[in-house]
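Shared between the two complexes below is subunit A, which has subunit B as its partner in the first and subunit C in the second.
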Partner chain A sequence: MNWSELSELLPVGVVLAAALVVVFLDLVIAHKDRYALPMVALAGCVLGLGSLIQNYLSLTTYYKQSPPWFSGAAETAAGAFNPLILGGHFSIDLFGFAIAGVALLAGALSVLSSAHEEDDSALSSGEYYGLILLAVAGMMLLGFAHDFLTLLVSLEIMSISTYILAGSRRDLKSGEAALKYLVLGAFSTAFLMMGIAFIYGATGKLSLSEVLIPSEQLVSSAFLIRGGLALLLVGVLFKVGAAPFHFWIPDVYEGAPTGVTGLMATGVKAAAFAVLGRLAFETFGPRYAHDWAWLFAAAAVLTMAVGNFLALRQENVKRMLAYSGIAHTGYLLLGFLVSPNADGIMLADQLQNAVFYLLAYALMTLGAFGVVGLVREDGRRLERLEDFAGLSKEHPGLALCMAMFMFSLAGLPPFAGFFAKFLVFKSAVDAGYVLPAVLGVLTSVASMAYYLRVVRAMYVDPVRATKPGEAPAGARCRYSWTTNLLIYGAGLATILLGLFPSGPTFLLR
Partner chain B sequence: MVDLLFLAAAALCVISACAIVTCKNPVYSVIGMLPFFLGIAGLFVLLEATFLAAMQIMVYGGAILVVFLFVIMLINLRPEEIRDDFSFGRYLGLAALAGVTGGVILSFVRAGVPPDGELERAFAMGIGSREGQEAMSGGVLFGSAESIGLTLFRQYVIPLELVGVLLMVAILGAVILSKKKL
Partner chain C sequence: MDAALTLAASDLVQWLGNLLTFRLASCLALSGALFAIGAWGVLARRNILLVLISVELMLNAVMLAFVAFARAHVNLAKETGLPYAGESGQIFALTIIALAAAEAAVGLAIVIAYFRNRQTVDTRDISLMRH
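Entry: the complex of A and B
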């Protein structure tokens, strides 16, 4: 093992170090100075992003070409870019960089949206921010992980941090969310581990790209490998929140503190899709697409239908966003359908589209959860649809951003969500899965109904009186410059990404 | 002989696992874990992983079991407080989960049950080969503490370090969830 390759993991090290600094800082500073903790956590995420970009640039300069999108697409000639480092435990490729970037962004934005919770001692403690950073470190590792062992450990770093974060508000609902998440999450990890054990038992290999390389052994133990991969997929589909393994999502998203919900909906989802993407593109690839892609397609169609139609009935905005997150998992799954005769360029294009979707979805969802976290009355958190009535009069800026996020989530141009959906539908059609893509467009139209309900509540619905005898007042928001920064920043990015969808790819050159 | 021992250990595991899940009294459930761990240790011995078998008994049968018992005694659950509040919806969810999971697995094993000896051959070609494993760890005896240590600290040292991060997560979690005033 070449230890100098450890420097490729420096961004993860920066985030881990920041987590330690935040936790220790909490012990030495006075209680009134605690507002500094989120700033340190934010600095950790920003430094991590800087280190990630620095790594990318130095790799590109060294090899005079940008890294391949995934390790399977790398050239094998001598002196060419070899993304596999540290004995094959990690793959330093563009997909990994992109997932790590989305994870850092989600971490930074959820720190920003939690920074106003100073009246809750657990949500303003160093441990809380430390755990967010540790979860982000787990997501980044998951983006780069290239063998089953590293993958499993990184997944658990991320999952256990989020189980704890879900329960960190320490009231009944938060506790219920954490317990449900823990029990069902542990259950899904058991599936994942059984799958890995089967595959390792049959092939003796742990590398994601090697387990299915055709050999005599693969033929003779096809039974075990198929069973193992099926178990593995059950675990992964659970983690991304695809139907029929989505039962935990609404309760967990509703009960968890809103900043954590944002992180779970975006960063955790992106990291889980990193695993799914590596399975679809590296493990199965075009060679096994006939065997496996139909399963992804079926899960995608079911997930889109379940998510969109259950979201129609929700009165609680957080629950509605949770079901909308399930629906978006369905659209994202369409982006991972591999055609049996795809070549490396087409696979790289597909991966790029899926990453664009993850980025756009992270921005608009974190923004929407940021607004939901601010709406409250007499210090009480309000999450119901009717509580948003009158928001446009009291806080026109926030209402405008929320409306933009809703339009973007529904997939209307000129927002980022439109191009994201367009690109994954295009991926699916190009790969030859026309019917799932058509169903995706149809459910996407149906989703307009519940996203527009939020807009109607903010702009059209009459304001109800909160107490009898009092004049009716619109929704009131707590003021927080950090969350406002997050909301307006995400709003701006949603428009910019929609107007210049090639922006992120341009940066990669 | 080995087959008989395997069947005995496996049967012990399955029966005690069922007992753990179905016992109403949580103390009985925990006690049921003891034969389960012993059965697993027996399976390890049959696989010639003697070090793992010893660890299984010491760590799980000793430490973890006692911790479980302590927790149950501390929260002092009485059997009459434990309710079976399984609603129809939950049964439906469980049935759907079981159905889909079973369907996924079945659809991939529809190629049929492998003929005799195929599983054994598959295992022998994978990790089961002692020679391959011993060659990897520099000729030390398969299943010994030495060979496990060498594999763990040479080839898998990075995942091992990451497990350290995982432990830190657990410690922070214990602080944030249990400390009265943060």
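Entry: the complex of A and C
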């Protein structure tokens, strides 16, 4: 093992260091500006992103080629790029870079969306921002993890930080969300661990890309391997929030503070999909696609149907976005269906499409949750549909951005969501799963109904008085420059990513 | 008489030896039973503390499975000369101890915070957000 390879994980180290700095800074400064801690946390995320890009550039210059999309696609010739570092525990490939980038983006934007909180002391403390950074570090590690041991430890770093974050507001709903998230998260982790135990028992290996390669190890019983993989999949589907293991999502997303909900809906989901992607592309691969891909396809169809159907009935926008998150998990699962006769190039294309979806989804969802997290002048949060009435008159820019996020989530051109959906449906069709893709398009059309309800509430619905006998008051919000930065930045990125969908891939070349 | 005694003693030793011999199947059966009891506890218990204890039970079952598999891999390596794969299972079990401790610490803290707010630890009362 070559310890100098640790420098490939420097971005994670930067984020961890920032987490410690934030926590200690909270203790040291006596009279602090309320933007001091969020700015340090934001600087941690930005520095982490810079370090990530620097790593990518130096690897590309050194090997005179960009890293492979996943370690299985790497050439094996001497002197070629070997993404596996630290004895194969981590894989420094493009998929890992992309997941780490999405995690850092999600962390930075959720810090921005929490920075305007001043009435709630728990959300302006150093621990809150420190835990966000710790969770981001866990997600980044999860993106690179290539071994069941590092995978599990990264997953727990992320999950345990998020359990605490979900309960960080001192009210009943937040506590309930934390409790539910903790119990169900730990329950699913136990299944995941038991699955890993079975696989280890059957093969003696822990490396993600090696466990299914046949060898004359111990009880080479197919039952043990299959049982282990099934338990593992239950755990992973739980973490990404796919049906039938989605039931915890609405309550947890609704109860958690909105900044944390944004982080869970995007960063945690991206990291969980990193695990799923590595399982689908490296562990199973085309070789075992016959055995497993239909299971992913069934889960995708069920998840899209359940998420979209239940979202139709929600009056609470935050809860509606939670169900819409379930639906998007379904679309994303379509991007991970592997064709039995796929080659390395096709797999890399599929991964690229899925990563584009994760990026676009992170931008529009964090923007939408940024709007939902705002507080009206009368103290109500912008959570229920009727709270949005009159927003277009009071804050035209804000309403315009929210409308864009809704159109983008619904998958209308020219926004990022359209290309994201188009790309994953295309990769499902290319892999030969036409029926799930068609069902995806149909449910996507149906989803327009509930996204457009928000737009109607903002632009069409009459403003009602909060109390009888009072003059009707529109939705005037308290918000600060950090929230402005988040919402307008995410809005701009949603349009730009929709107009130039090849932008991110262009940067990679 | 003396010979009979020796025979009985050696029988006893052999019986004990058989009893103590490592059997993968029995370890896995115990582990599976613990895991099932834990899962049942999570789903059926009404007291949130008992739910957390059940989760811990499931994690302990996983640890037992790992240690048993590690031992089996050691034996296999001795018999067949295949590459030794015993250490990773034991390291995994140790890691799970640390993870379980962290999870229990956070879990109890969340339960205490919740109890201060609601004065209840009954899972039937944890339903503010059902619509």
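Simple rule for what comes next: the second predicted complex is superposed on the first by the 497 of 509 C-alpha atoms of A that agree within 3 Å, B and C clash if a C-alpha of one lies under 4 Å from a C-alpha of the other, contacts with A are read in each partner's own complex, and residues count from 1 in each chain.
Please note the rule applied: a residue touches a chain if its C-beta (ideal position, glycine included) is under 8 Å from a C-beta of that chain, and two chains touch if they have at least 3 such contacts.
The structure displayed is predicted, hence computed values, not measured ones.
Q: Give one of first, second, both or neither to describe whether A:Val14 is in contact with subunit B, with subunit C, with both, or with none.
A: It touches nothing on subunit B or subunit C.
Q: Quick one: classify A:Ser125 as touching subunit B (first), subunit C (second), both or neither.
A: first
Q: Per the contact definition in the header, classify A:Met193: touching subunit B only (first), subunit C only (second), both, or neither.
A: Second partner only, subunit C.
Q: For A:Ala293, using the defined touch cut-off, is the partner it touches subunit B, subunit C, both, or neither? Pick first, second, both or neither.
A: neither
Q: Look at A:Val234 in the shared chain and tell me whether it touches subunit B only, subunit C only, both, or neither; answer first, second, both or neither.
A: It touches subunit B, and subunit C stays clear.
Q: Let me test your reading of the model: by the given contact rule, A:Gly167 touches which partner, first (subunit B), second (subunit C), both or neither?
A: both
Q: Touch test for A:Ala327: subunit B only (first), subunit C only (second), both, or neither?
A: In the superposition, A:Ala327 contacts neither subunit B nor subunit C.
Q: Who does A:Phe245 touch here: subunit B (first), subunit C (second), both, or neither?
A: first
Q: Return first, second, both or neither, reflecting whether A:Val424 touches subunit B, subunit C, both chains, or no partner chain.
A: neither
Q: Residue by residue on subunit A, keep only those touching subunit B in one complex and subunit C in the other, then list them.
A: Comparing the two interfaces on subunit A, one with subunit B and one with subunit C, the shared residues are 149, 153, 156, 160, 163-164, 167, 170, 178, 200-201, 204, 217.
Q: Show me the residue ranges of subunit B that touch subunit A in the complex, using the header's touch definition.
A: It is residues 93, 96-97, 100-101, 104-105, 107-109, 111-114, 118-119, 121-123, 125-129, 132, 154-159, 162-163, 165-166, 168-170, 172-173, 175-177, 181-182 of subunit B that touch subunit A.
Q: In the complex formed with subunit B, which residues of subunit A make contact?
A: It comes out as residues 1, 16, 23, 86-87, 89, 121-122, 125, 127-128, 130-131, 134, 137-138, 141, 149-150, 153-154, 156-157, 160-161, 163-164, 167-168, 170, 178, 191, 200-204, 217, 220-224, 226-227, 229-231, 233-234, 244-245, 247, 295.
Q: In the complex of these two chains, what residues of subunit C are touching subunit A?
A: Those in contact with subunit A are residues 24, 35, 38-39, 42, 48, 51-52, 55, 58-59, 61-62, 65-66, 68-69, 72-73, 76, 82-83, 85, 88-89, 91-92, 95-96, 99, 102-103, 106-107, 109-111, 113-114, 117-118, 126, 128-131.
Q: Under the definition above, what is the set of subunit A residues touching subunit C in their complex?
A: Subunit A reaches subunit C through residues 148-149, 152-153, 156, 160, 163-164, 167, 170-173, 175-180, 182-183, 186-187, 189-190, 193-194, 196-198, 200-201, 204-206, 216-219, 250-251, 254-255, 314-316, 319.
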